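See below for the structure under consideration.
As written, the chain order gives the labels A, B and C, with residue 1 at the start of each chain.
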Amino acid sequence: MKKKIAMYWGAGCGGCDVSLLGIHEKLLDVLEKADIVFWPCATDFKYEDLEKMEDGEIDIAFYNGAIRTEENEKIAKLLRKKSKILVAYGSCATEGCVIGLANLYDRDEIFNAVYLDNETTPNEKKIIPQGMEKEGIELPEFLPSLKTLEQVVKVDAAIPGCPPPSPVLEEALNALLEGRTEFGKEVALCDECPRKDTKPDKIEIERFYRWHEKEDDGSCFLAQGMICMGPATRAGCGGECTSAGIPCTGCMGPVPKVENQGIAMLSAIASIIEDMDEEKERAVMESIKDMVGTFYKFSTAKLLPYGRFKDES
Amino acid sequence: MSFEPKIVAFLCNWCAYAGADMAGTSRLKYPGNMIAIRVMCSGRVDPEFILEAFEKGADGVFIGGCHPGDCHYVSGNYRTRRRVEMMKRLLEEMGINPRRLRLEWVSATEGQKFARVVKEFVEEIRQLGPSPIKKEEAI
Amino acid sequence: MKVSIDPITRLEGHGKIDIFLDEKGNVERAYMEVPELRGFEMFCRGRKAEDMPIITSRICGVCPEAHHMAAAKALDMAFAAPPPETARKIRELLYNAYIFYDHALHLYYLGGIDVLMGDVPKEERNVIGLIRKFGLEIGKEVIKHRRYAMEIVKMLGGREIHPVTAIPGGVSKPVSEEEREEIVKKAKSCIEFAKKSMEIFKGVFDTERWNEMLGLDALHTYYMGLVDSKNRVNYYDGDVRVVSPEGKEVYKIKPEGILDYIEEHVEEWSYVKFPYLKEIGWKGLVDGKDSGIYRVGPLGRINAADGMNTRLAHKEFEEFRGNGVVHETFGYYNARLIELLNAAERMYELANDDAIVGGDIRAMPSEPGEGIGVIEAARGVLIHHYKLDRNGLVEEANLIVATTNNNAAINMSVANAARKVIKRGKVDDILLNKVESAFRCYDPCLACASHALGETPLVANIYWKNKLYRRLKKNA
């Protein structure tokens, strides 16, 4: 029997939806084995159609995007109920992705930046969108912090990547259609990076460089003193960025069994720097700017699920 | 209600742990609200342990290692120094006061120093108040 | 009485339409809301400048190239590092590949379904229904050419979705001779495909149904688009030109000056703001010369320009613009087709340009400062504005995205279409799809529009006598 699949888009960019179209002709093969019963981005089914389904009627539901509003949360729970297997699809759903960086700020700060304290927005009446009660227009509540799918409902499988690179996606789809929920590589990106032969055990540098500050000589980025998330990032993309002259920023998330990608990377960096005197060492460390944005670009929501802490004093 | 800070201390077997012992045997006083975890080298303290300690309820994390040049594994303590430096900056960006994390070099004979720095640290944390990470966890 | 379409489907992002009926059951007013916000403006602060092309790309996975490039252009300026010729051309080539595949997406998978399929039940209103109607052959051609263009993006940008190679001052990867050959071949095939698409759509354009669709909505607004020195449409670079509803040039603005000309209005019922021409002012949701509302995107660009920079597309342009500016909202489809052809031709031209395989691909940045990047996303003018601190970290970021520029116009078009199709409280699925289709002309990208906060495909609620009368419910 054909499987019933669903795809839903929470707070994300839509790139995950596009990535599903991005397997091109192979999508037609998938459609031979499965019917799409719910996919708001590409088909005309509405929420009611989903609500009417039996519990567990959907065989595999893919949820991409994070949980940012009440509405996202509601649909996540609804999909959980209606599906046998719920898959977190892409970095937003699994790790919170770059939009998780919003957890460094609170809700009011975000509203201020957008609506009040914004150079092209005069907004003399200081209006902040909240719906129009008398008209019955509601806007879904913006939650205090951004969450990953797993932080809200139980998830059976995850497809990493922002968005999942085609080979990763194809492998995952095949596995899922066969009923398997474990797939993907168990090693770090360095393992399949075209620059891996030049990866050093130790580096001696004066400071870290940012990629726009230095010509790329084609060797391992860490050897060149540029931070590359390769050692702490799961393999699968084949080194898309490192092949194109940009260090890995970690979109595939941590290597399986490693919980905390950012800490793993931070630790790796501390280990490969040559021993040096304390002053110099401090200067090297200080040349790394924006720790959270560097090490947790794709996983701030996991580091700060409730948002930034407020340690008084 | 008075606040009694909970401190998790990772102590290197060869130096700080011995130093702590010494502080104990020579009956020097240091505050008792500290859970000491013996490690073979401060270099074994993965930054993940530090974060975990905070998540499990520590108000402060103390790491004691051998003086520069004295590490039994040659450079474990240098690595620790770099990690701690980076961790402090990460904590700060997370909204956690980096003073909640402290690294000290304490040799096996420095029982007195051990007692002093721990006492100082406990005092400092007492002033900072309970860690916000714990608070969030309670929700 | 209020009608809601929730979620609006076949669009990029989340949206909802609320329609209010008067006593008699005719449309009084309608709103298109975007119930989502993600807060990019806020969390870009404190990030490293060079991360901006990578971070802001995640505003939208449908047009990541647009944000990637707008960010890179803003940084070129902020670091005073104008990219060398080769880098500029590589970026433009990548950019045209993006315009091509994005337009193809809209024409065959999203809005174009309304034009090609007409009033059919919802089960058929998708790409699979399209393949059934027009044959698997055309379906395969569509898929193949979108793949070609995306492969070009991947070759030049490193990744198919969320490219990474644009850096302050240039690009991080040169183009090899083999890659160039590959691109030439693919671009050529894309030209043929665009011509074929022209034919397919023209088949519909001659019909009565098309006239009926055109009649759903026409707005006499200002139009805005980037143009080159000869006032021809350019997606990657150029000055911003604004024409009046009569088609007269009112401004020609250097990109860095654009923010002096526009402002954004806030309404409590939408997370997405409403930009307008500052000098003319915000007069509410009305069109005409006295209202500062302008339109962007394919129709905005083609109305704001005097021609196209490639031969075949220019011919089509002349035919389309023969009688001056076009106000019919469904004209977005004609404009989009012309651009599909233009983008394919331009890819071919650039790939044949020897500068494309040059080795000088980046300029080294100097001290960080302030920068504005203006580019034409498929859906219209996109502006990134950053202020950098001494360390090259972002101090302030302001983003005005394409769909936001069209927000006011979209709201009016939805209301107009609703007025035409909903009478005396009579509503059905097909009628509602007409309302939605007015909206889909703009190919609105609500992912982009909600960059500011956070998410939902569209919903229509219909309210009558102060109560929710129908919730759409498209086939009920």
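Here is the rule we go by: a residue touches a chain if its C-beta (ideal position, glycine included) is under 8 Å from a C-beta of that chain, and two chains touch if they have at least 3 such contacts.
Worth saying up front: this structure is predicted, and the values here are computed from it rather than measured.
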| item | value |
| --- | --- |
| Chain contact topology (line, ring, star, complete or other) | line |
| Innermost chain, where centres are averages of C-alpha coordinates | A |
| Separation of chain A from chain B, taking each centre as the mean of its C-alpha atoms, in whole Å | 33 |
| Separation of mean Cα positions, chain C and chain A [Å, integer] | 25 |
| Rounded Å distance between chain B and chain C, as computed from the means of their C-alpha atoms | 55 |
| Chain A, residues touching no fewer than two other chains | 104, 290 |
| Of all residues in chain B, the ones touching two or more other chains | none |
| Chain B-touching residues of chain A, taken from the complex the two chains share | 104, 259-260, 262-264, 266-267, 269-271, 273, 275, 278, 281-282, 285, 288, 290-292, 295, 303-304, 306, 308-313 |
| Chain A-touching residues of chain C, taken from the complex the two chains share | 2, 6-7, 9-14, 18, 20, 31, 33, 35-43, 45-51, 54-55, 58-62, 64, 75, 79, 105, 109-110, 122-123, 125-128, 140, 143-144, 146-147, 150, 157-162, 164-165, 167-169, 171-173, 259, 262-271, 273, 275, 362, 365, 385, 391-393, 398, 400, 433, 445, 447, 452-457, 459, 461, 463, 466, 468, 471-474 |
| Of all residues in chain B, those that touch chain A in their complex | 46-48, 51, 68, 75, 78-79, 81-83, 85-87, 89-90, 93-97, 100, 127-129, 131-133, 136, 139 |
| Sites on chain A touched by chain C in the complex | 9-19, 21-22, 24-25, 27-28, 31, 40-48, 65, 68-69, 71-72, 97-99, 101-102, 104-105, 109-110, 113-115, 118-123, 127-132, 135-137, 139-140, 142, 146, 162-163, 165-166, 210-213, 215-216, 240-241, 243-246, 249, 251, 289-290, 293-294, 297 |
